[in-house]
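Next come two complexes, and both contain chain A; in the first it sits with chain B, in the second with chain C.
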Partner chain A sequence: MDILSAITGGFALLCQPDILLIIVTGTAIGICVGSIPGLTATMAIAMAVPVTYGLDAMQGLSLLISVYVGGMTGGLVSAVLLNIPGTPSSIATTYDGHPMAAAGEPGKALGYGITASFLGGGFSYLCLLFLAPALAAVALELSSFEVFAIVMCALVMIADTSQAPLSKALTTGLIGLFIGCVGPDPIMGLPRFSFGSDHLTSGFAELSLLIGLFAIPQLLDDVGSVREPLKTFSVAYRHIIPRLQEVRESALNIIRSSCIGTLIGLVPGVGASTASLLAYNQAKLSSNTPEKFGTGLKDGIIASEAANNAVTGGAQIPLLTLGLPGCPAAALLLSGLMINDLAPGPQLFINAPEVTYGFMLAFIAANIAMFLLMLLFIKPFAMVLKIPKYLLIPPILAFCVIGAYGSNNRFMDIWVVFGFGLLGYALEKKGYPLAPMVLGLILGPIAEMQLRRGLTASKGSFMPLLERPVCLVFLGIAFIVMVYPFIRQYLKKRSQARQAHPA
Partner chain B sequence: MLNLSRLVLLALGIALAAPLTALAAYPEKPVKIIVPFGAGGSSDMSARLIAKAIEKDKGVSIAVVNIAGGGTAPGNLEASKARPDGYTLLWQHKTLITAHHTGVSALNWDAFTPICNVLLFNEVLHVHKDNAAISTMPALLEKAKENPESLRFPVQIGAGAHFGALAVEKAGGVTFHIIASGGDMDRLNEQLGRRVDVVFQSIPPTLPHIEAGTIIPIAVGAEERDPKLPDVPTFRELGYDIITTFNLGLYGPKGLPEDIVRWWEEAVRQVLADTDLQAELAKQSLYPAYRESQAFAAMLQHLDKELYDLAKVGGLLPQ
Partner chain C sequence: MKRLLSEISAPFLILAAAAALFHHSRQLPPPRFEPMGPAFFPQLVLKGIIVLASYTIIKALYIYWKTGRREQSSSEAFKTAQSGRGNLLPAVTVALFAGYILLIVFTDLHFLLLSFLFICVLCCVLNGSVRSCWLPAVLSAAGVVAAMYLVFGLLLGTFFP
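This part shows the complex of A and B:
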């Protein structure tokens, strides 16, 4: 069967009233769950898996896919409106999304995010549809050393000095790296820095740390300003949908971020948060006005959201072609396929071409549903900002606690939220930026694990890092990312000096 | 006065009757089954399928709760600390024992009440098609003998596949280059990317690649051939005493009353006889392997010694 007739077959499977209804409902559920701080897209899929037992293959898969796509985008809502990333993958969205919303343009900020999500997701689904086997072959070539080098490109962003003095950024970055070391070491599994406590042997849960560091300081700040009058803003549709001109201006950014997201999605164990942080930084590096990033720039929102949605398509490529799930969400989709007797791998395209292409097309359908639903939801979502803070803060806090507990059913995770919340609040008040800390604690463990896996393969030799061309390229980029802010500062000082003393 | 003495009598009556009714009516509230693995994998899915079947069969409410990470130690600990009243149980396989012998978990199997063994799944040893020259046990072992520590064998250090690698080393008198590369799927990734030579892996993810001819199976570490791989011999058929089967079973906290153990034995035995459930499980290469409490404990005792010996040879014992 040739690819076109398989696509047509998949399309026919998709265009059933029940399937389309499931996709719209699933996307709406995903958006709602993802937009609640503390609840993630992965949780939404995990909750949907048991429901699929009673459905046929296409129905079940459509449900999981639409919940996934909706959940991935929903995260941007709380990132923009509340400065609390709904999922770890929308951390970089808070950097510019919230400042723009706080400046009175919440509708516009959401509009950029939604459009970028739609385009980034769409780009990756087209790659999935037409380039899957080729891209899967590329992904297989990456060893632990290459993955380590890629992660380092994002990790060195802790030295970015645009938000705070270098000393303070490095301090919190190192705290983050240290926190990431607590728990089982990535190779032997023996607990580190647990001080003999059973509570620390499995380390701090990433989600609890994020909720603690983002939500608690923000909510404490909100409590302080609870009596201030609410800001007025407009969410008229003409402000929400970006003009074609604006999209065209950011075309390069959208394509670059979508490529980064799709490629990171291919690599097992790296994840959407790395992709959005990398894309954000690449957008910043290639911008004419890098100093404006973090103040509410549309390109910051676009980079982060295009990249994290592109991961969803990228991650399906190794899943469908090789049966390798690259992230927890893909692992849940894998179990959804297995329940229906569909074993992903090279034979899937031969044994069940219609369902396979139906699976891919369901992503595209969910992406369109997501875009339309989000436009519909934007006004009610933005209205959240009109709710008096004394009514808004308690339920958000409750969801944060539920989300932290619910992900692993440990009470300890709730103490982590409050403990790190207070630490984050204190650091922020003293002018220590939290962004490097979050980078350290999320990326540090991934980098360490990949490097140490690689070292067991090379019998302890670091030489592969210098011998493999892909490693060299990415380590080179990492080096540039690291030193660029200093060069920029130096150039700025020199030009200021020139202006002060014209030669 | 009359009222008061009536009240006392009533209270006394309730106090006396309470333990009796509690025993008669077990379970009278939802039961929590702790799964010390993440959601989505076969160890988790299997627990959910069994729990759902028992819920339907016995009209009891069961909550499957994932406490993942930390090499299963936190989940094990949580289950062991619960009151032995039959309302908190643990779903585990041999990682309960390997985690203990590698120093990851303080608790061994004997810190629990083994209730019954429920299911098993097997692992297959395989090579990439480019390595067809070593796709039989004699050829593999000969190559490994020629160049000790040269054949690359990816494992998750201290986990099941590592013990599988050690068992092959022991049976064949050889040594491999053990590489830390993470879980089941990571090992498949390394194999398909040609960065390793020989891999121990659970069967479902390998099937499509065996069918496509990319991966060549050598042998299955089971007592009987796996129904999904009827043409692949077991190690025993080939003359090597290597068993790497994962037995999934139910455990309770230490001191679980006898009648509650009986209740679960009965419930599990009944649902395992259901052919629909068997078919559902077989899709994921999971097979019924019922063993009642005593036989289960005997099996664990034997396994414990075997795994301890391997951990000792492999230098995995905690210092």
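This part shows the complex of A and C:
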């Protein structure tokens, strides 16, 4: 099937009334959840995954995508109105968004953010639509060892970018890989680490693990600040839509920030927070009035929001072409694909082209829905901020339970949510980040299968890992990322010693 | 000393668990149709965990040995006082959540009824005052239970536990 007919097929799938309704509803839910500080877009997707069990592939994926897109943009609302980023990626939006709101123009600040989010997202989804098929064709040529090397590189990079010591981040990544080993061996199907339990013979239910690791630690963390009052601005509808002249003035900023976001999204683990901070910094560097950044400048809001929404499209490229989720949200989308027996990777473009293009077009539809919903209903969305957290946390905990149970009707899954929730909370408190663990458990089975397939082909020899250029490049990057902190520390010590004892 | 114990407790537990699981993995069957076998990858991963956990413990011990005890004592006391104060509400939430799950698993009470009660109770506990919170808590619990019934029960056909 050629690309044009696949796009047409995907478009036809998307244009059904039920799908469009799901996209609008999912986007609204995502915006609401994303706008509440402490509840992230990733948690919203984790909560939405159980619902997809009762839906068909396109309906389920549309729901997850729209919640994701809405959640990423929702963070802007509390960043501007409360000076607290609703999602971590909106941190740079607070720098100029809140001062502008404090100066009496919250509507204008939100309007710039909404428009930039829409344009940044739109740019990255077009890149996704046109780049992903080309990269998938290249990915088809990769051998098992090469895929294994890419997976390992991604895991190391994700561990490196988390704000924890690399040794701790790698430990949680490896714990995730091990959890992925519980259950049947991917080659021979023999049960491993089941300890005689029938429930563990098939391994942990991925969904329960994800709900446990994403939702419970986050909620327990929020419980600590549940009684703190939030002060918010009220939003007037005036000036929400920016004038065309203003958008034209910021065209270069939007394009640059969107490119930064899309490229950062391509690199596993770097994430939307880095993209928005980098784009903000670039906007400041290229501005004629850099000193005004941080005082309520529209360019700051535009740079941050265009970049963080552009990451969503970029992050789907490795997911669809290699089956490699670059961030926790992409890992959840991967599980959404797997629920519908759609294994992400280059074969997806051959086996299910219409759903694949429908998946990509759903991002564009969700982006349009987000833009319209935010412009038309910004006042009700802003009112969500006034709901006290003590009324939000208990219902979410109850939804976690039914979400985990509903997928397989097993009590075991409820215990998994509880157990892994506590484990995640304890690990986070001890400075162990959870993102590498989640990606480890998603990537574990892929890594093991590819490595063992490769070793079977090479009759047990690891040499192809050092002989193939692609393997060498990716393992080399992973090695440099691991060794660099030690080299940096050594050089710092040496320069300090030189300064202390010159000549 | 408390700080050192707090630093090494997590990696020590991880190390012990990894060692026990490594020992258990030796019982897995040997390779038959391919060179590596089912134990190969988990053992590789567990070795990695053991190395990293050992590294974290050694590093913590080295820093403690190098910086000495005096420097840490004042910040330790502050941290302990801080964490002691903030830990109560999450602990109560965990206890209530565990009780809710136990009631779901071991009693015949309907899930929706238990969820209603759980939401009401936890809302009041988190708010800290039953008098000012009972009405919003009941309304919120009723709304959530209705939404659960509509979405999971009617729309998705989920069997409630």
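Following the convention adopted for this analysis, the second predicted complex is superposed on the first by the 273 of 503 C-alpha atoms of A that agree within 3 Å, B and C clash if a C-alpha of one lies under 4 Å from a C-alpha of the other, contacts with A are read in each partner's own complex, and residues count from 1 in each chain.
Everything below uses one rule, namely that a contact is a pair of C-beta atoms (placed from the backbone, for glycine too) under 8 Å apart; a residue touches a chain by one contact, two chains touch by 3 or more.
Bear in mind that the values here come from a model prediction, so they are computed numbers and not experimental data.
Contacts of A:Leu348 after superposition: chain B is touched, whereas chain C is not reached. In the superposition on chain A, A:Arg452 makes contact with both chain B and chain C. After overlaying the two complexes on the shared chain, residue contacts for A:Val51 are found with chain C alone; chain B is out of touch.
In the superposition on chain A, A:Leu322 makes contact with chain B only, while chain C stays out of contact range. Judged by the touch definition given at the top, the superposed model places A:Pro436 against neither chain B nor chain C.
In the superposed model, A:Gly86 makes contact with neither chain B nor chain C. In the superposition on chain A, A:Gly294 makes contact with neither chain B nor chain C. Judged by the touch definition given at the top, the superposed model places A:Thr171 against chain C, while chain B stays out of reach.
In the superposition on chain A, contact is made by A:Leu140 with chain B only, not with chain C.
Chain A residues in contact with chain B (one complex) as well as with chain C (other complex) are 187-188, 190, 409, 452, 456, 459. Taken in their complex, chain C has these residues touching chain A: 6, 9-11, 14, 18, 21, 24-25, 28-29, 32-36, 38-42, 45-46, 48-49, 52-53, 55-56, 59, 86, 89-90, 93-94, 97-98, 100-101, 104-105, 111, 115, 118-119, 122-123, 126-128, 133, 136-137, 140-141, 144, 148, 151-152, 155-161.
Contact residues on chain A toward chain B in their complex (touch as defined above): 46, 49-50, 140-144, 183-184, 187-191, 198, 201-203, 268-269, 318, 322-325, 328, 331-332, 334-335, 338-339, 341, 343-348, 408-410, 449, 452-453, 456-457, 459.
Of all residues in chain B, those touching chain A in their complex are 38-41, 45, 48, 65-71, 73-74, 77-78, 99, 102-104, 152, 157-159, 177-182, 185-186, 188-189, 192-193, 195, 204-205, 207-209, 211-212, 214, 283-284, 318. Across the complex, chain A meets chain C through its residues 51, 53-55, 165, 167-168, 170-171, 174-175, 177-178, 181, 185, 187-188, 190, 192-193, 219-221, 223-224, 226-227, 388-391, 393-395, 397-399, 401-402, 405-406, 409, 411, 414-415, 418, 422, 425-427, 430, 432, 444, 447-448, 451-452, 455-456, 459-460.
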